[in-house]
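In the two complexes that follow, chain A is the common piece, with chain B as its partner first and chain C second.
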Partner chain A sequence: MSSEFLLIRAKDELVCGLGECGGSVTSILQYLLDNDIVDNVLTIKKEGSVYDAVPVLISNSEELNSTAGSLHCAPTMVADLIPKFINDTKLAVVCKPCDAMGINELEKRNQIDKNNLYKIGLNCGGTLMPKQAKEMFELFYEVNPDDVIKEEIDKGQIIIELKDGTEKGVKIDDLEEKGWGRRENCQRCEIMIPRNTDIVCGNWGAEKGWTFVEMVTGKGKDLVNNGIKEGYIESKTVSQKQIEIREKLEGIMINLMKKFGEKHLIIEYPSLEKWDEYWNRCIECYGCRDICPICWCNECEIEKNYMKNSIELPPDPLTFQGIRLGHMSFSCINCGQCEDVCPMEIPISRIYKKMQRKYNEKTEYIAGFSDELPPLFSSTNE
Partner chain B sequence: MSDDIKLVGFCCNWCCYGGADTAGTARMQYPPNVRVIRVMCSGRINISMILKAYKEGADGVFVGGCHMGDCHYVGGNYKWKRRASMFEDLIEQFGIEKDRFRFEWISASEGEKFQQTMRSFYEDLNKLGSLNRKITIKKK
Partner chain C sequence: MLIKHSICPSCSVGCGINLINKNGKIVGTYPYKNHPINEGKNCLRGKNIYKIVDENRILIPLKKEQNKLVESNWEDVINLVSNEFKSYSPEEIGILISGTNTNEENELISKFAKGQKITNVGVYADNFPKFNKEIGNYDDLNDAKSILLIGDIIKENPLIGRRIIIAKENGAKIFSVDDVNQTTTSINSTKHFKTFSITKFLEEFPQEIKDELGKSSLIVFNKIDLKEDFDKIVKIAEDSNSKILPVLKDCNSFDAINKVPPLNKEEIAKIINSVKLLLLINIDIFSFFDESEVNIHIPKYLISITHSLNESSSVSNIVLPSYCWAEKSGTFTNTAGEVQSFDRVIKAPENALEEIQILKMIEKKLKA
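Then we have the complex of A and B:
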């Protein structure tokens, strides 16, 4: 199905001011909740500061306003919450590309019911780790990190807004050259526009105060058109030039990310000796497995007695990470959660992404996008 | 010929195990180092089973299944093929050579193929020597 494009923004002036680019996403969610098309909305909300985001489940459209705005300094993922807690309701979920890919992989594993779900995708240029972001704002922006009330990634810059209203921006390239900036996974992530959702919203190619929306599925088209009809959003047509700008931006980003991918996974990939050192740090906390959005088994093989031969640390990487790699690395969506939660700072997501890349080269299976099923379920016709 | 090379062979009940049987009844000689484990289908083999074999001291692991299209359960070997191609990359990440793992399609009548495969695999493993995993765990 071919995509259609529109420029939209919220009709409600309050919502329009609250959101990042005209409050479109918030007003679409309001439309869905008010008309009982969905029971709940799953999104993330600012909790205290810009460095903390918590997933919230909202059933009352008035509460939605508190979730408006972007949060780049809190890489919270929502994909794995759906099968665990809320698979039985009709749901709208706001997802960045890795959430959308996680949901897609879980759908293939029959963990999420596609028909119950409205997926509203957001363009994403990358996220930052909260702790790193704080230090970075102190070092490069020379501000008190607690004064930051808003942040945004636009035109290759990380822009922050302070309490007193001043804005400051530093180029991402300059930051990343010095080892700061976005999370490593986001640097090499090649998917900025999650086209595996129903609609994708973003500011690329849009004028200020408007959101560029790509309606991918028929469901998404109906959603936006009905939203306009019911008076929640207003729309403008998109010029050919704006579409081209968006495509060009995406192309530039993908090329950049590919370079990072080469750097992380081939040129600077840790040697076996280095991995030896990393695996020896492991304290067997199972954090990487618990956070992984793809891992959903109720009974995990790596906890089985026959896979352990001692209670001593560290665990044998072959039957710890090896089994996990064998079970899900082909579906690794490069969200980087495993690395984020690892208390021993093992660069674990690199090995998963590397395996996924190799699998992709052999079979052209793109985790989170391809319709075909992952290996354990793959079809007989090959 | 050294005897301390340990080779674990997972053989599918319908084809490769039959092939081994054929080799046996025809008195074809092959290295005694292989310990055959019968599984119902190559598609049943979980990657963790092979990893466990390496962990317990196998120097090489062989997996035998039916030829493409011959699977008793219609598509088990296709599924295994996918997993196997991934597995070769996986063990390299842990410092185990690709050559220590081999999979082959052997039908129940191909006793000779079973013999040849075992011989050549054993020779390859002999050249590599016993498995010395580069990633070692230091016990405190």
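Then we have the complex of A and C:
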């Protein structure tokens, strides 16, 4: 089925103002809850400041207003929360590309039921780690990070808005050259528009105050059309030019991300000696495994075979990471969660992403997108 | 599903952690990336800490009858407790606590003891004494030029360990000392010193390390052999212009040792052996004693305030079921001296009571 495009925004003025680009996502979620099409919505919610967010499960559509807006300093992952804690409900989930890819991999592992799920995708140009972002705003923007009330990524800049209404922007390139900017995984993330969802929303190609929506599935088209019919959203047609602008931006970004991929995974990939140093500090906390949305073996073999004698020094990386590499690296979606939570600052996702790239070159299996698991793996993991 | 911020109570570092509440039960943790100390990273102990909520949970007040703990009710046990308190002189009563009580609880415990004129009071703090010295903070570690580590800091306090790794990547020299040959810390340090006695090591402090210690150096230690070792470390730090960062035992030891006397094993044993009535507040004395090591005799009457059945509470005469940290709001002071507040994430079991309430009930009864 080929995609269809529209420009949409919330009909409700309040929601329209609260939202990032016209509040379309928020009002579509409201439509879904109000009409009992889903029981719950899974998205993320600001906690006090733009640097802090937690996933929330919402069943009352009035609460949705508090979730409107994009948070670029919230590198969350919600995919694995679904099978772990929310499997028993009809759900709509808001997903960045990494969330959507995680969901896709879990669907293929029979951990998420596609039919019970509405996937509302967001375009994503990247997120920042909160502490890094704060330090960066202090250093490069010369502002008090507590005064920042909004942040966005637009036209190659990270732009912040301050309490007093002023805006400041710095080029992402300049920041990232100096080791700041987006998370390393986001820098090399090649999926900007998650077309593995029902609809994808973003500002690319849209005029201010509107969202450019790509309706990917039939379910997605019905959703947007019914949202319009029921008075939740209003729409405008998309011009050919707007479609082209969006495609062009996507193309530029993908090329840029590919360069980062080369840099992280080939040119600056740690040497074997450096990996030895990294493994020496591994405290075997299993943080990387536990957070990985793809790691989904009911009885993890690492626990079975390895935990028992994990007091050995130095730690034995091959046994521990080896099992995981064999089980899931072909499915690594480069979400970076493993690296984010590693207490020992080991660039752990580089290994997994590198393996995935190799696997992809050989088999064309695209983690997070392909419809089926590769034959060899389709039954071993559950 | 409801995800809420909390503070990890598993060691004294004070990491942030998000708790996942499903139907009133904590079912897991989620990274708290905006927390300035750990940025969403937790160690294995931290990630599993939520399990203590349900582990061996005591749901109802217990009293000993014919050498067995049987279910009772609050009125009954508070009466029994206050009668026992009244039947002993203050010298015959002792109160021991761990460093896991909140600041607010420590405050009340100290006031309660003073009010009852009880002087046999203390918090188990390994060999750490009360101190009044300026200490370094975690951010100092990232930029340190050299760091001396006493104890297996990287393994036991991994989110301080992380700062040491960062410092090392920034070019810092890392020295480690321990009474074993190889530890996670030793294999990550520039040079490791094995010693039979930390006291001795400090007395014969190697020139090699001395030469490297300076203004941007820290001495981080989570174990010492004797209380006096603390002053030795302070002296070394003062002489070299470097900072100290003592890593205390529990999540709120820092506050506890400032409100009640810090005690080591021998001092704890002395209190246990000299009193007739002993009140334990969230402390399992058998978790650090093994009876062969120090000769202790359980006092005539033992009262435990705790949320989980442990070795101490199982031999107590009265067990008063209290709240787990996730069930109350309060503040902890971490080992760098930062006060952090945390909020209730789930409801406590119906028949448990908050420590503060329990103490107030006892106090009231004693006044009556």
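The working rule: the second predicted complex is superposed on the first by the 365 of 382 C-alpha atoms of A that agree within 3 Å, B and C clash if a C-alpha of one lies under 4 Å from a C-alpha of the other, contacts with A are read in each partner's own complex, and residues count from 1 in each chain.
The rule we apply is simple: a residue touches a chain if its C-beta (ideal position, glycine included) is under 8 Å from a C-beta of that chain, and two chains touch if they have at least 3 such contacts.
Note that the structure is a prediction, hence the values are computed from the model and not measured.
In the overlay built on the shared chain, the residue A:His327 is in contact with chain B alone; chain C does not reach it.
When the two structures are aligned on the shared chain, A:Val341 is found in touch with chain C, with no touch to chain B.
Of the two partner chains placed around the shared chain by superposition, neither chain B nor chain C is touched by A:Phe369. In the superposition on chain A, A:Pro314 makes contact with both chain B and chain C.
Contact with chain B, but none with chain C, is seen for A:Met355 once the two complexes are overlaid on the shared chain. In the superposition on chain A, contact is made by A:Asn280 with both chain B and chain C.
The contact surfaces that chain B and chain C form on chain A in the two complexes overlap at residues 280, 313-314. The part of chain A that touches chain B in the complex is made up of residues 272-273, 275-276, 279-280, 301, 306-307, 309, 312-319, 322-323, 325-327, 329-330, 351, 354-355, 358-359, 362-363, 375-376, 378-380, 382.
By the touch criterion given at the top, residues 47, 49, 51-57, 73-75, 81, 84-86, 129-131, 280-281, 283-287, 290-291, 313-314, 337, 340-345 of chain A touch chain C in their complex. Listed in rising order, the residues of chain B touching chain A in the complex are 46-48, 51-52, 54-55, 74-75, 78-79, 81-83, 85-87, 89-90, 93-95, 133-140.
Across the complex, chain C meets chain A through its residues 1-5, 18, 20, 22, 27-28, 30-31, 33-34, 36, 38-44, 47, 154-155, 158-159, 161-162, 165-166, 169, 182-184, 187-188.
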